[in-house]
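Two complexes follow with subunit A in common, the first pairing it with subunit B and the second with subunit C.
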Partner chain A sequence: MRRPLSHRLLGLAGKIAVGLVVAFILLPAVVVTMSAFNDKAIMNFPPTGFSTRWFARAFSYSDFSSGFRNGLIVTAFASTIALVVGTGFAFVLDRYEFRGKKAMEAILTSPLVIPHFTIGLGFLILAAQIHAARGFAVVVVTHVVLVLPFVMRSVYVSLRNLDARLELAAASLGARPGRTLFTITLPLLLPGLVSGWLFAAILSFNEFTASLFVTAQATQTLPVAMYNYVREYADPTLAALSVVYIVVTALLLTIANRFLGLGKVLNVEHGR
Partner chain B sequence: MKTRPFLALFVSPAALAALALVGALAAILQYAFRAFVPGSMEPGGLTLANFEALLRPLYAGVFLQTVWICLITALVTLVVAYPLAYAIVRSRSVTLKSFLLITALTPMFLGEVVRTYSWIIVLGNSGFINSVLRGLGLIERPIQLMFTTTGVVIALVHVTLPIMTIMLAAALSHIDAAYEKAATSLGAGPVRVFLTVTLPLSMPGIVAGVTTAFAWTFSAFATPQMIGGGRVPMVSTLIYQLGFASFNFPFAAALSVTGLALTFAVLALAKAALSPLERMGAH
Partner chain C sequence: MAAERLHTGTEAPAATSARVGVQIDGVTKKFGAFTALHEAWLKIEQGSFMTLLGPSGCGKTTLLNLLAGFLEANGGEIFVDGQLMTETPPYAREIGVVFQNYALFPHMSVEKNVGYGLAARGVPKREIASRVADMLALVKLSDFGHRKPKELSGGQQQRVALARALVIRPKLLLLDEPFSALDKNLRGAMQVEIKEIQRSLGVTTIFVTHDQSEALSMSDRIAVMSAGRIRQVGTPDEIYRRPTDRFVASFVGDVNVLPAKLERRLDDRASVMVGAVRVEVPAGTVDGLAPGAAVDLFVRPDALAIGEKGSGFPGTIAAHVYQGSHVDVLVDSPATTGGRLLVRVPGTQAPHRWPVGQAVGVTPTGDAVAFPPEAA
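What follows is the complex of A and B.
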């Protein structure tokens, strides 16, 4: 049965709309890539010649390499701590009732709506008040709080989809709670744990606004170093670095999607 | 407590994290009521002066402008994200689905600096848009997009698009396709099916998406800072300027507290205003 012309036109209009939205999303990435390989120092279009020297400069600029190192330190600690804290709490959220549970959940998910500059300013002032040095600890604590909602959600969704009968079976066969947890529950949760950790790591590594408030020169993370670069120089070095960023992030997401199914984690398709 | 193994063990780390966050928010609240001592990082005695200063037209104006930008951004993002979310949920090809999903998500994980920097190259006077338009002979002098509200909103839509798409897609994926089939078999055309079945049923996602986009726009800093270049002041850029250019942390704290109150008020308001619609799509 052929659909009437009006329906087909409508379908075509829908496809064009989606195409335009995809173009809008990709436009900055495409333009920044063109700019990164342009040999001129000023941003101009169309590019006049091909060069990879901005990549060379991006990789040799010392603020970027120290920012990268600092970022890895902060990310490794923050995402791992957030994974432990978030998994524990997601477990409790799913299984137990206790006084203050609702309040704690509200507090821990609130960074989703509290502006990052408020959280950054808050931890900056708090650190000053308790006379803590502006070292890595402050940055890590700030990042843990910021990425925790994402870890909690990822693990919580996996817990909901977990077949509780498997745990009951283990328990009825005589396994103690600890053994059930480590041999049944955690292995079954693994995809959720990995995706939660990955989300947390990517978000922490790329976090900018709160980091701008809580980092000092010695703890500057990569996005903060990049922001400072734009304020001082106008050459395409940052475009080259952006291209690296875009490629790595898209690759990580593709891998995550391949192994974990982003759709399911993000709840945009039904798990079976 | 045999029925609740590990409860204390699992709750205590989370309780510590919650405590840290509450401590940070309490620190802001406390600073908001302290006097600014110029030239000193330490705040002075208790005062309401910071909140009185907020009422001055200069600062009140920044608040109004911020709310306006947030509203426009949230609504434009909704219109842009809807077809994309629909395509992600309804597309029959797995490859296309994955491509659209990753395209939609990548910007969210890139961080604000990379995204905003890219938009500077797109929007600048010798940037992509102006070069293309000039190359085609459509304009003689560049259209000013940098340092304008329009430029800031364009980039902010790009920033909030992923989260809006996820929320809309989540809502759309929970709609039973049988409802749409039923409407079609009863003779409704595709437009009517969309307007009377799909759209109302996706209302919870729309409510969640718009309110989250509003909060994210309010939270955006790098975009208004780098694209607005000080000429499109928003609450976030003002707070940063007060803190790191004038070291007036008490006033910055007062602005943060007011901004937070405003965010929660708007979220509550949006929820209340849209709750009848939400109920409509809730079954």
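What follows is the complex of A and C.
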């Protein structure tokens, strides 16, 4: 029996709508990738010829390589500090009841609500007061605050999914609290910790708005260097750099998926 | 008489202290305004199998958690093998726990799970390996040492949990509703197996369950609990045949309740009248009631017999429920509160002898207990 025409039309319209949404998500990446291979010194779409010289320029431009190095330094420190601090807070929020718990939770997640430029500006003013506006410290501190909510969320969800009886079982078997932490709790939290760190690292490495305020020439991160570049030049170097960005991030996620499983990294619980 | 009681009361612990495995002295636990456990007193003989039986929320799991050290009591003391445990943290208690969901460590192999408690004690690796191997052999899982818990069936996971708890040679083994996750066939087999292992190792065991048939079949002694209180402690037979508490009589096993009048008391026996039928009961449960007072008579279905019309309580056969080894006969009778008596007749001949619709008489033949009526 054939379905009525109206049903088939509806089904077709649905497929087209889904296709459009998916295309829309990928569209910017596709446009940038294609223009990265343009042979002219302007970013236009569709490209008029094929060249890889903009990739060569992206890798040789010194502001980019120093920005990349600075970004790695800031990201490594910021996401590691955020992981330690965020894990501590997630433990406290998960395990203890106390007055002001809700308020603490709200404050810890407030960087999601407060605009990045406000946070950047605030830290810039503070850093200027103590003459620390030109170093890495202020950049790292700013990034820690920005990525903390994401780390905390990720660890908190893993803690919620952890069966408290496993820790009780370990205790009943004679394990002191420290041993339980290192042999039971942390190994079982590892996927959450890794995913939290990974999110923090990606966010920190890509962060622009707050970084614009708190970085100086010597500490500018890659997104800031890219912004400064685009103010002077309009050639496809930035597009080429974007392609590198996409490829490296995808590679990192693939490796994480290979070793930990993306479901675990993203904290997705599969029904058995 | 009071002096005599006091005397035996002070002497008893000294005389039996070597044999007392667990002593719970007036332990109370409150959660906010809610009292989960009211002054529990309990003594458990070393090497015996004690069951805490009761409906959910009766405080049995709270008591188990207090014993394991997972909760702190608000009052009272707990002794295990004569040692005061109240302030001892869980990791220093030497108590093995089998959890309801087994709580096996999912990231470790079966061997690592079982060896965990030994590693925590700093036992040398070679000794760990041999003791784990012995324990896995005892629970018949020798070939499964390298598997992860999720690769095992429910029954196998339970054996691992048992092995893990026993390998540390605990002074006390706690079993928290360990059979509730197993299907019915496996449950019976595991009950027998756990009981055998427990007896062969001679480890004092406390088993928490809401299932009265599990309690009756496995225990040396049962403590029946409800609403945060221990109602009665006794052997399965005492609990079943001579309940001292109305709740115990109705929670454990099937029971018929008949309104009756207290006739007289003589020493430790009393007699009650159900209509014109006189029934002998223990006097302890009707202490303080005057002759003529209304009581409820509790009679088990296997303590009743069906006879010719005119004997015992009058009734009419209503239905038969075939149960294989016996037949449950339902008898409509005005003598009982529900209007219907349940009589358990051994063998399978009951439907032929007592067809539906026949007028009969039902006679009490075994133990019966009377309690004051429930406060309305």
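By definition in this document, the second predicted complex is superposed on the first by the 235 of 272 C-alpha atoms of A that agree within 3 Å, B and C clash if a C-alpha of one lies under 4 Å from a C-alpha of the other, contacts with A are read in each partner's own complex, and residues count from 1 in each chain.
Following the convention adopted for this analysis, a residue touches a chain if its C-beta (ideal position, glycine included) is under 8 Å from a C-beta of that chain, and two chains touch if they have at least 3 such contacts.
Note that the coordinates shown come from a computational prediction; the quantities given were computed from them, not determined experimentally.
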Using the superposition on subunit A, decide if subunit B and subunit C clash or fit.
fit
Kindly classify A:Leu26 by the partners it touches after superposition: subunit B alone (first), subunit C alone (second), both, or neither?
first
Where does A:Leu173 make contact in the superposed view: on subunit B (first), on subunit C (second), on both, or on neither?
second
Could you say whether A:Phe182 touches subunit B, subunit C, both of them, or neither, answering first, second, both or neither?
neither
Pick one for A:Arg165: touches subunit B only (first), subunit C only (second), both, or neither.
second
Contact breadth on subunit A, by residue count: subunit C or subunit B
B
Hey, in the superposed model, what angle do you get at subunit A between subunit B and subunit C, Cα centres, nearest 10 degrees?
100
On the A-aligned overlay, A:Tyr233 touches which partner chain: subunit B = first, subunit C = second, or both, or neither?
neither
In the overlay, answer first, second, both or neither for which of subunit B and subunit C A:Tyr96 touches.
first
Where subunit B and subunit C come nearest after superposition, their Cα distance in Å
9
From the superposed pair, tell me which subunit A residues show up as contacts to subunit B and also as contacts to subunit C.
177
Flag every residue of subunit A that touches subunit B in the complex, lowest number first.
6-7, 10, 14, 17-18, 21-22, 24-29, 31-32, 35, 42-46, 84-86, 88-89, 91-92, 95-96, 98, 104, 107-108, 110-119, 121-126, 128-129, 141, 144-145, 148, 177-178, 181, 202-203, 206-209, 212-213, 223, 226-227, 230, 238-239, 241-242, 245-246, 249-250, 252-254, 257, 262-263, 266-270
Using the touch rule from the top, collect the residues of subunit A that touch subunit C in their complex.
163, 165-166, 168-177, 179, 183-184, 187-188
If you look only at subunit C, which of its residues touch subunit A in the complex?
68-70, 89-97, 99, 101, 103, 105-107, 116-117, 120-121, 164-165, 168
Give the list of subunit B residues in touch with subunit A in this complex.
4-7, 9-11, 13-18, 20-25, 27-28, 31, 41, 80-81, 83-89, 97-98, 100-107, 109-115, 117-122, 124, 126-128, 131-132, 135, 158, 161, 166, 169-170, 173-174, 189-191, 212, 215, 218-219, 221-222, 226, 236, 239-240, 243, 249, 252-253, 256, 259-260, 263-264, 267
